[in-house]
Amino acid sequence: MADGNAPSSIEALKSMEPLQGLDSHLGMAIIKIADGYARIKMDLTEAHLNLFGGGHGGSLFSLADSAFALACNTRGYLTVASGCSIDYIKPTGEGDSLVAEAQLIETSGKTSIYDVKITNQNDVTVAMFRGRAHQTSKLVMEQVNDKCLYM
Amino acid sequence: MADGNAPSSIEALKSMEPLQGLDSHLGMAIIKIADGYARIKMDLTEAHLNLFGGGHGGSLFSLADSAFALACNTRGYLTVASGCSIDYIKPTGEGDSLVAEAQLIETSGKTSIYDVKITNQNDVTVAMFRGRAHQTSKLVMEQVNDKCLYM
Amino acid sequence: MADGNAPSSIEALKSMEPLQGLDSHLGMAIIKIADGYARIKMDLTEAHLNLFGGGHGGSLFSLADSAFALACNTRGYLTVASGCSIDYIKPTGEGDSLVAEAQLIETSGKTSIYDVKITNQNDVTVAMFRGRAHQTSKLVMEQVNDKCLYM
Amino acid sequence: MADGNAPSSIEALKSMEPLQGLDSHLGMAIIKIADGYARIKMDLTEAHLNLFGGGHGGSLFSLADSAFALACNTRGYLTVASGCSIDYIKPTGEGDSLVAEAQLIETSGKTSIYDVKITNQNDVTVAMFRGRAHQTSKLVMEQVNDKCLYM
């Protein structure tokens, strides 16, 4: 359940599709958004590679971070990252179809922990990300309605 | 001094300009590469922003990670990240001109620690990144000469 | 299932009770050890507190790290930490009875990811730890049989 | 310079010697405390070892965390950790004399970054720790005068 003190912001986030900014620039798309949850995808092209032709750590981090940001902003109040860590488990490369699934794990006061798992087209986990989120007192809905997004 | 057992790979890395892959896609450019050191830059445009119009964590992480990768591959042997952490210190936004400076801090056997500092156009630190690098037994120069980069 | 190439080391680890070194000094005790799994406990006394009278971050980190070390050494080969992160979720204090449960989450080649959850006497999660483990080619059993532990 | 809005709390911290709680239990002692700075020491005995007879990660983490806590509480306001990471660089063992030096690196609003370096008796760096500190609105001095420490 979303935070009882704030209206759910799931619809507000969905209305932001297609994604803009870095999310759009890297080709991410939303698969599903629910309370404390987001699943998004990104296909690895030449534009996502590192110096030596593998998937760039920054591409995977960006995908996980975006899934985390969507998931932690479903609960009404504008929420920002206060820390995160990533573990790369398998190499990735051009042609891989990645999915990042972010899920609320623990919440205590204004702080919450989200886990994000990135899997490839063979459903193999290629990276794990953990984010710590801090809830502000602003509403997500107002941010969206004020058209202050990317404008 | 570069590792005495391997020829310096600084020239090999410099020959890779203009940068390709994610580095190119995000608009990064090399300012300076030296032994255990790299300084690169990236200007924040609409394509680097997050859901709420600020600099996306993934943009900053990617910049730091690329500076780290360049710095830790100056010493002859192909080197990969085995872990990293990032701390965001100040918000960033469209129009900011960021510089990431990566520097070797400690080295022990095949493991090294690099610190990366990202500053903005006012020379204010906006993020700090720490990377742990693991040296392989392959030469960077061969990777570059074999044209196996992005091909 | 434990790694098929090595005999299970669960019995070897169990034979090390009562725990020694820091584990003993901080009052930890094993509850359960299984394949890729360990659950241990520690009660917080005055000796576990920080400067301001709360549970010291080092006490919680030590408990999580010990559970992680036990869990990742159940699979035959001697395994060492190559990185870890901790998130504190709720404050702790004198009198709290903590349990740390470590579990294998992902494994790829010689690298594995373990999650450790620390809960208090009310079954509330007070901290989460994630460890990255690197498997060596030495057997845990030999380490134990050689009496090289703390001697 | 300490925060101009609060009296320095260096003397208050010094008055807490000898250290208590986990710091005392692990044998730590203060060498020097200054503005945004602390240097403390700890000798590794059998009580600091891990399962396999080396220095326990929790012993090193505790030492670094305590140096960090002292350094970030020199500036008047009670300050708590909001995140940290540690990199182990060289193995340690019984008989090593460790020194942890914590230093303020960056500060922005109520958030600060501290780096802690742990060196051994040969002045070799054995671990590096980075802590993110969050300043509260309480005074350190009151905490000390109220005798609420360990009581």
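So that you can tell them apart, the chains are marked A, B, C and D in the order they are listed, and the count of residues begins at 1 in each.
Quick note on the criterion: a residue touches a chain if its C-beta (ideal position, glycine included) is under 8 Å from a C-beta of that chain, and two chains touch if they have at least 3 such contacts.
These numbers were taken from a predicted model, which means no experiment stands behind them.
Farthest from chain B, judged by the mean position of CA atoms in each chain, is C. For the pair chain A and chain B, the distance between mean C-alpha positions equals 23 Å. Between chain A and chain D, the centres computed from C-alpha atoms are 34 Å apart.
Each chain gets a centre from the mean of its Cα atoms; for chain B and chain D, those two points are 30 Å apart. Residues of chain D in contact with at least two other chains: 83, 85, 87, 132. Taken pairwise by the contact criterion, the protein chains are fully connected, each one touching every other.
The residues of chain D lying in touch with chain A in their complex are 82-83, 85, 132. Contacts from chain B toward chain D in the complex involve residues 83, 85, 87, 89-90, 105-106, 108, 111, 113, 125, 128, 130, 132. The residues of chain B lying in touch with chain A in their complex are 13, 16, 19-26, 46-53, 56-59, 61-63, 65-66, 69-70, 73, 78, 81, 83-88, 143, 148-151.
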